[in-house]
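The following blocks contain the structures, represented as structure tokens.
Look at the two complexes coming up: subunit A is in both, with subunit B in one and subunit C in the other.
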Partner chain A sequence: MNRRIPLRKRFRVHTLLLIALCGWLLMLHLTLLLNHGLNAPLNGVGDIYLSRNAETASANAVTTVVVSYRGFDTLGEVTVLFLAATGVGMLFAGGLGATPAFRDRNSQPNEVMVTGTRLLFPTLLLLGIYIVLHGHLSPGGGFQGGVIVATAFFLRMIADSNFNLDHAQLGWVESFAGSSFVLFGMLGLVFVTTASFLGNFLPHPIAAMGQLVSAGVIPLIYLFVGIKVGAEVGAIFQDMLESNSASSAEEH
Partner chain B sequence: MTFHFTPVWFIAIPLLLAFLAPLWVRWRVLMPVLFSAQFALFALALSWLPTVRIAPVLETIVIAPPLGIHLHLDTVALLFVTLFSFAGAVVSGFIWLGNSAPHLRDRPAFILILLLIAGSNGMVLTGDIFNLYVFIEIVGVSAYALAALRRDKTALEGGLKYLIVGSVAAIFILFAIVLLYLQTGQLNIAALARAFADIPAQMQLLIGLLMLIGLGIKAELFPFNFWVPDIYRGSDSEITALYSGVLVKAFLFVLFHLTFILLADPTVARNWLMALGAITMIVAELVALRQQDLRRMLAYSSLGQVGLITLALAFASEMTTAGALFHVINHTLIKLLLFLLAALMLRQFASLKLADLQGLSRTMPIAAGLFVLAALAVLGLPPLSGFVSKLWILKGFSAAQTFWPIALILIAALIEAGYYFRWIRTFYAPTSTSTRIQSDGERILNYAPLLLIAGLLIVLGVMPFLLEDWLTQAAQALLGREALLNAVLG
Partner chain C sequence: MLNFLDTPAVLHSIYLIGSLILFFIGLYGLLAKRHLLKIFVSIEIMELAVYLILIAIATTSGETAPILSDGLTAFTGMSDPIPQALTLTAIVIGVAVTALGTSMAIQYHRLTGKVSVTEMTELKD
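After this line comes the complex of A and B, so read on.
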């Protein structure tokens, strides 16, 4: 411990300087925002996206932006989540030893939890799938729906101590969805009609706008995003529960 | 159906390979896939050089530039992509052939290394500022996880520290992007550059400050680099080689690319950056003098070189910029060599403390020899490539009649000589027998990637004209604001 004290003393100066700098920046930020920030120009990128939305035949303009116009960003965000899930899996694998056990998985969950989950699980699953599949029609989409599906499984995990998601299977599902996303992007590059990464190479007539089968590749890509997000968030939940049960098992 | 090569490959192929990781685990080919992917991308990048030198390649994704995302592959971007793929190939080759620790050959390491390089490629290629932020996040998250890869106490501490510092930096960058979008309604970097002059002056200053702090932390510039040595000390040397060789270079590129593109008259920003570079260089070299741990010494030495590169890039004359870009290549090669040597030494000796490495030349003659070569290249001695790049930088400064940077660079080189020779003297001192933990002889396979780098250092030093045209054109591309704006916006 003796070695750590000078280290902390060294860091205190940095910390104070950093706080002072952040405070000054915050003041500057707020003053400037209130003076200049609120009169945003009207014909920004967002407005143009909105006015061009009809060309993709996706009724939900937000989805058009997320999956088509800025689909490359979405691929990046999916990758960030994938990296986070990989990192969590790596850190929790085998337990860190020092993590306190928050709950004992071997004890019986309470009755309200079990019954409630029995009621909620199918509803949540259905809601999640609905939100994923209707991403191009109504608010929501792959990210939101995927998380709802993962939450449904998470409820099952805490309500039933024998219920486990198989890591290997989750890995395959997630691998399938992720690589399909990239392959669909590459297909867009290959077809002459689009000749662009993530281009919408399937027919998407405007007449079909608002129907379940419309908007070309957009709902398909959102479905892959949903599967991938669901599998990754599920794997994160599973990792965290497993590490708890592992460390509590060591204590017994 | 068409099948043409586009810059998208540099990002899409690593992503696809990373997502398919369970397949490679099943077939037990993780490391071969990692190595061959990086090597293939390196070969692809090199084969593209003639095309890109005629005209930059602009790849539209879904809708055309000012609205959509586009990738912009010009000579300077190609230079960095080539360098990153090469560094990735060397490090993965080293891990694959050189019997590195199991946690470096596992699925997480495969994914994280692959995506670290893919993200760096994306940062260099993208022409859209929000897409740039997404790649900064990809690179950041993989770097945090890589720092903690070994999962012992120092590694976890380093990873946590990196996570906090890196996220704070990312938030600064994000704020700057939010303000830019609020003020101009644009996300494309070229369109932003056209509209930037209309932003109120105070707001420009705030955006510039936020960007400088965010990117300064990420690019390890003084005074934002206090966190660096702890992380370099905590992570595996194979990984630190990537931080110093790839990560920092990508952020330096972004910092200068944005400065030169967004600002029509970057004089003020250039002066700030030159000052920061000079201070970073001198402070880091002075601190390196006192380090007792090889990895910390290399970390500070790396910071010093980053300072030198910043100083030369910020001066923004064509000669210094070309020299700085050449020095980017040299520094990446040298630090790859030194950090991989440190990894080999750590495997033979239990620690990397100065006292414990005494007499290393007896057990590891090749390693000691390569260390001397790398040290001479950092100092910039004639037959090696470091000499040429430093000479170009000094020539650039003297051509512009600016002499204080020359003095500082020479002083820094003297200090560098001081500490590198202290380490070399220890390596060749008489043996202290007790510290050796194993001697399985020196496997030549371990050294194959290192000998390759050493060869390159000599070849580039003797024949710098191999790269001269490319580097000059890259410097013009980095400084040529109008040319880029016209190419993107028409």
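After this line comes the complex of A and C, so read on.
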């Protein structure tokens, strides 16, 4: 089909030339910058965090940075995710579907989908919970595990048209997790031993590093982040599916 | 024979060139495509390239992931954890923004039946 159109019409030549120019300039710039940056002796914030990381007794230094050293940043990040989920819910629940595109969403999902989901759902759920709980020991954590749990429920929603997540319940779970995060941060502020927001007020002996129950408050906070992210992403999926089924219901 | 690939300068150059090619593929898509969802896909590709640059520049050959496991006992000789944590933040924000933008595009298509940015002339007059 494309064979009749000449090559120069399939691409936008001016745009392509502009991109090539931009790429060349950025490459030059980065070469200059990196020659200065990478040859210098590495003694940045990251090395100081790494050398002090043992004080938190968390085996995963990335988790320490995300939850402990930059915990306030993570609180803001979770808030942005919450706002986006609210925005998606508002856009789809507003009843704007004036001229919905016709699509047969009420057709039954096929057998492969249903059986595969039946097989995958418990496995994905277990994997997600494992990743959330081992955030301070292995790669992963609340964000990744929460998204995996939400994906498990999303598969379930596609495979079974009667399966729905209740928005009110999701809202409660989300508010519980969010307020627990803030509460734990406040508790760190209240206790005299830490006296800082998100301070690690639970006992965290260095000897226990690498065990499941270690690092004090870090795994608990990451668990709350996981619950919150799972509920929010689940709500986004539910909104998108609901809008489709609503518009096709109007159509029929 | 391929040991020269492990020197930091060569390693970083390879990562950088690959990521930049990916970045400019995304930029081309952003400028040349007219379909709203294709534009969002292009933005995602550009984001991915930036994550790759951040992660790749922060580590050199011989450094391990900043996690104590597999017999490691001390936090030495590890890659910088901060770019990795910031990339995690950026991925989450990117997902949130893309979800919001895609829903806006879907609603726009429902209201007007248009998907192309060249036809978006509602606010012109």
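The rule we apply is simple: the second predicted complex is superposed on the first by the 201 of 252 C-alpha atoms of A that agree within 3 Å, B and C clash if a C-alpha of one lies under 4 Å from a C-alpha of the other, contacts with A are read in each partner's own complex, and residues count from 1 in each chain.
One rule holds for everything that comes next: a residue touches a chain if its C-beta (ideal position, glycine included) is under 8 Å from a C-beta of that chain, and two chains touch if they have at least 3 such contacts.
Note that the coordinates shown come from a computational prediction; the quantities given were computed from them, not determined experimentally.
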Considering only the touch criterion stated at the top, classify A:175 as touching first (subunit B), second (subunit C), both, or neither. first
Using the touch definition from the top, say if A:34 reaches subunit B (first), subunit C (second), both or neither. second
### Touching partner for A:183 - first (subunit B), second (subunit C), both, neither
first
If we overlay the two complexes on their shared chain A, which of subunit B and subunit C does A:91 touch? Say first, second, both or neither. both
Using the superposition on chain A described above, determine whether A:68 touches subunit B (first), subunit C (second), both, or neither.
first
Task = For A:45, select first, second, both or neither according to whether it touches subunit B, subunit C, the two together, or no partner.
result = both
Query raised in the report: Which partner does A:110 contact after superposing on A: first (subunit B), second (subunit C), both, neither?
Result: neither
Request  = Answer with first, second, both or neither: which of subunit B and subunit C does A:195 touch in the superposed model?
outcome  = first
Request  = Have a look at where A:60 lands relative to subunit B and subunit C in the superposition and call it first, second, both or neither.
outcome  = second
Interface residues of subunit A shared by subunit B and subunit C, listed 42, 44-47, 49, 70, 73, 77, 80, 83-84, 87, 91, 96
Within their complex, subunit B touches subunit A through residues 1-3, 6, 8, 12, 15-16, 18-23, 59-63, 66-69, 107-108, 111-112, 115, 122, 130-131, 134-135, 137-138, 141-142, 144-145, 148-149, 151, 156, 175, 179, 181-188, 200, 202-203, 206, 209-210, 213, 226
As the complex stands, subunit C meets subunit A at residues 8-9, 12, 16-17, 20-21, 24, 27-28, 31-32, 57-58, 65-69, 75-76, 78, 80-85, 88-89, 91-93, 95-97, 99-100, 103-104, 106-107, 109-111, 113
Within their complex, subunit A touches subunit B through residues 14, 21, 25, 28-29, 32-33, 36-37, 40-49, 52, 68-73, 75-77, 79-80, 82-84, 86-87, 89-91, 96, 168, 171-172, 174-175, 178-179, 181-183, 185-186, 189-192, 195-200
Residue positions on subunit A within touch of subunit C in the complex are 11-12, 15-16, 18-20, 22-23, 26-27, 30, 34, 38, 42, 44-47, 49-51, 53-54, 59-62, 64-66, 70, 73-74, 77, 80-81, 83-85, 87-88, 91-92, 96-101, 137-139, 141, 143, 209-210, 229, 233, 236, 239-240, 243, 247
